[in-house]
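The chains carry the letters A, B and C, assigned in the order they are written, with residues numbered from 1 in each.
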Amino acid sequence: MDDDGPVIPDFGEGSSCVTDNRTFCWDWAREHWGDTLQPAVLQHLWLTAIAIAIGFVLAFGLALLAHRVRRVEHPIGVGAALLYTIPSLALFQLLVPLTGITTTTVEIALVAYTLVILYPNIVAGLDGAPPEVVEAARGMGLTRRQVLTRVELPLAVPAIVGGLRIAVVSTIAIATIAAFLLPKGLGYPIFYAIKLPEPFKTEIYAAGALAIGLALLCDGGLVLLRRALVPWARKGGA
Amino acid sequence: MIVGDTFRPGIFVDALAFIADNPAFLAGKALEQLVLAGAALGLALLVALPFGIVLGHLHRGSGIAIGASIFARALPSLAAIAFLLPVLGIGFLNNAIALAILAAGPLLTNAFEGVEGVDRDAVDAARGMGMSAGQILRRVELPLAVPLLMTGIRVAAVTVVATAPIAAIAGGGGLGDVIVNQASYRLKGVLGASLCVMALSAAVFLCLVALQNALTPKGLVRTRVVGDLPPGKELQ
Amino acid sequence: MIRKHTRRAAKAAFAISLAVAIVLGGTARPAESKSSASPSITLGTKNFAEEYILGQLYKQALEAKGFDVVYKENIGSTELIDKALTSHKIDMYPEYTGVIVQVVFGRALSAKTAAATYALAKQLQEKRGFTLFRPTPFADTDAVAVLKSTATKYNLKTLGNLKNVPGLKLAALPEFRTRNTGLVGLRRNYGLTNVKFVPLAGLSPYQALDSNKVQAAAVFSTDPVLGPTSKYKLLADPVHQFGFQNVAPVVSKQLVASLPPLFRRTVDAVSAKLTQNAIIAMNKAVIIDKKTPKSVARTFLKANGLL
């Protein structure tokens, strides 16, 4: 035998639950929380947070613009709708030649989708101020900017938060597909696990449940935020 | 999966050329996708629609109805497919059910809101005229609920059609087969197939809008629902 | 009237999100600063478990010796990752020698031994600015697997015997369809002209076999589910269509020139330890026992003094 042969260490057997691929192996989840699941959750949050932050700023800016210059409201809306119909799988791949296989590529796509969801909601919110109220404010001598900041924006909060709810939840869901491109986020364990010779149930269910849980948690948080900001509004926004 | 072809403006031309060069192939894939989407929508209609209508009629379970919509949005399509994979394997059934679950959300919510939100006066008047509950449902609530019902069906349908590409990773077929296979079809193929998906979504959207206009009882003002997203997938 | 605090809250929220966006946008950019000491190595891998393991092995070994590695896992199939290599998105990745000859360069299989295949692959790569480091002892060839029950039913021993299967459906990664080592070769070498091809884009071929969607599927010979006791059987390839497939890292010559010899030595030291048994054991740990490629690579490197 060659004495240059490698040492083949014991990698540790998976529990019988894991090797049999039973429905859910808590031991695996506990053992791999630190090296697989937790990083995925954090990466996912990170991806989502950046997309929402940038998307919100852009959507807000565009909505303000559309609110001022009514003529562009429809074209921007149509452009946004068109963007939304691009399958995410395709958009990621199309951006790669431009920005490489990086987080930036994923973020551009996620920001685009976030933008598309937030824009109509913010516009609807801004437009939703009852005309009489706006009239009254004008009548009291408020400048256009003051009408915006003191009347229209506060009244738009329910719609904006409503849009944020949809955007956050949708982005968390779409971000799972980013793993097709980049090994980050909760989609990564899912793609990895379904590609194994026998799809590894525990990893799939764990990552999937975390993604759903994350989305529901954020949705709940935003509902609380809305209640804090506009306690008088009932069931505003979708 | 990535890489590769450089991104020149000409890529759009190449994509259109790809479509022009492979009409039968792409049409076949598009049909596959429509069949899958149709099956998913049909399943969802069968289950979610009656459920939502009944709940709305009884004015019960608004929490469930709203919750359904939120849950459907929170469930990543990837997760839905992956969950069913170990149980149903790859292929048509797994993907149809996964997509059906996604479609069920908006259907349930809108069916509920549509029936529940019917003008109380109209319902009372009908009851006063001696109509039974079933008659009220059939002759008053359902016709008046058509706008929201159709919106729900439209959102669900477009969602399912536009989300179907992801099914390709689990043997679902359709245009997704091209989109996940940049190795064989190159970037122009990916873009070409995506354009087809977009066209398909738009076509489904327009058809259903036309259907809605045809079905809406005359003299009924069409209510716009906040959350009726631009044509396209509601979630991916 | 509109509460003051609501207005302030709205302003604050807006300002905060703007600030967050700017900060996050700034930090989201990939670190541009390269260590002035030595250039970083952009190491990519293809899209299956064995490649993830190889990638982690090389990555960790190099990092232990002080090199800076940018790791791009799961780039895609051969066609895609070769494109990444030639367009300089990556500098290096582990490739199979036979695949280099037959898929990357589209040559028909001519080399009769593993060594000849390696030599030819190296020669071809060097013509376009890349080189191959030393090959691994193990080889992982494509193979076609069937359920043992199917093999018994149709008396299948070699690939040619697949002609006996009526309505033959074969599942494989999408690129199998157009490759000389794939469907094209099966048609030419074994006369399998009537095969319905089922592409797998993220699914395992064993899944396809188990669910009876196909009778045959393309697999890899170092898959841990194979072996004397498994329920699958590999069909013999007398013509050696699938070639010889030892792994050799493909590296850009430019990178080699810009790094000290320790780079090549480190990589070669890892490759030398990768015997058939070693790789199957690691595959088993990842695929059956569900350990992460990262931890398995680390355990192996440590046990062999490479970390």
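Note that in this section contacts are C-beta pairs under 8 Å (C-beta built on N, C-alpha and C of every residue); 3 or more make two chains touch, one makes a residue touch a chain.
Predicted model only: the values in this text are computed from it and were never measured.
> Would you identify the chain whose Cα-based centre sits farthest away from the centre of subunit A?
Most distant chain from subunit A: C.
> For the pairs A-C and B-C, output the one whose chains share more C-beta pairs in contact.
A-C
> Quick one: most central chain, C-alpha centroids?
Minimum centroid-to-centroid distance belongs to A.
> Starting from the mean Cα coordinates of subunit A and subunit B, work out the distance between those two points in Å.
For subunit A versus subunit B, the centre distance works out to 20 Å.
> Averaged over CA atoms, how far is the centre of subunit A from the centre of subunit C? Could you give it in whole Å?
Chain centres of subunit A and subunit C, defined by C-alpha means, are spaced 31 Å apart.
> Provide the C-alpha centroid distance between subunit B and subunit C, rounded to the nearest whole angstrom.
So the centroids are 37 Å from each other.
> Among the residues of subunit B, pick out those that touch two or more other chains and give their numbers.
Residue numbers touching two or more other chains: 1-6, 169-170, 180, 182.
> For subunit A, jot down the residues that touch at least 2 other chains.
101, 191, 194, 199
> Which subunit C residues reach two or more other chains?
47, 74-75, 89, 202-203, 207, 210
> Across the complex, what residues on subunit A touch subunit C?
It is residues 4-9, 11-14, 18-19, 28, 32, 35-36, 49-50, 53-54, 56-57, 60, 100-104, 107, 149-151, 153-155, 157, 183, 191, 194-200, 202-203, 228-230 of subunit A that touch subunit C.
> Residue numbers of subunit C touching subunit A in their complex, please.
Those residues of subunit C that touch subunit A are 2-3, 6-7, 9-11, 14, 17-18, 20-21, 24-25, 28-30, 47-49, 72-75, 89, 202-207, 210, 223-225, 272-275, 277-278, 281-282, 284-285, 287-292, 294-296, 299-300, 302-304.
> Report the residues of subunit B in contact with subunit A in the complex, numbered from low to high.
1-7, 11, 69-71, 73-79, 82-83, 85-86, 162, 165-166, 169-170, 176, 179-180, 182, 187, 190-191, 193-194, 197-198, 201-202, 225-227, 229-236
> Name, in rising order, each residue of subunit A that touches subunit B in their complex.
21, 77, 80-82, 84-91, 93-94, 96-98, 101, 113, 116-117, 120-121, 124, 159, 162, 166, 169-170, 172-174, 176-177, 180-181, 187, 190-191, 193-194, 199, 201, 204-205, 207-208, 211-212, 215-216, 219, 237-238
> Under the touch definition given earlier, write down the residues of subunit C that touch subunit B in their complex.
Within the complex, subunit C contacts subunit B at residues 47, 74-77, 79-81, 83-84, 87, 89, 174-175, 177-178, 198-203, 207-208, 210-211, 213.
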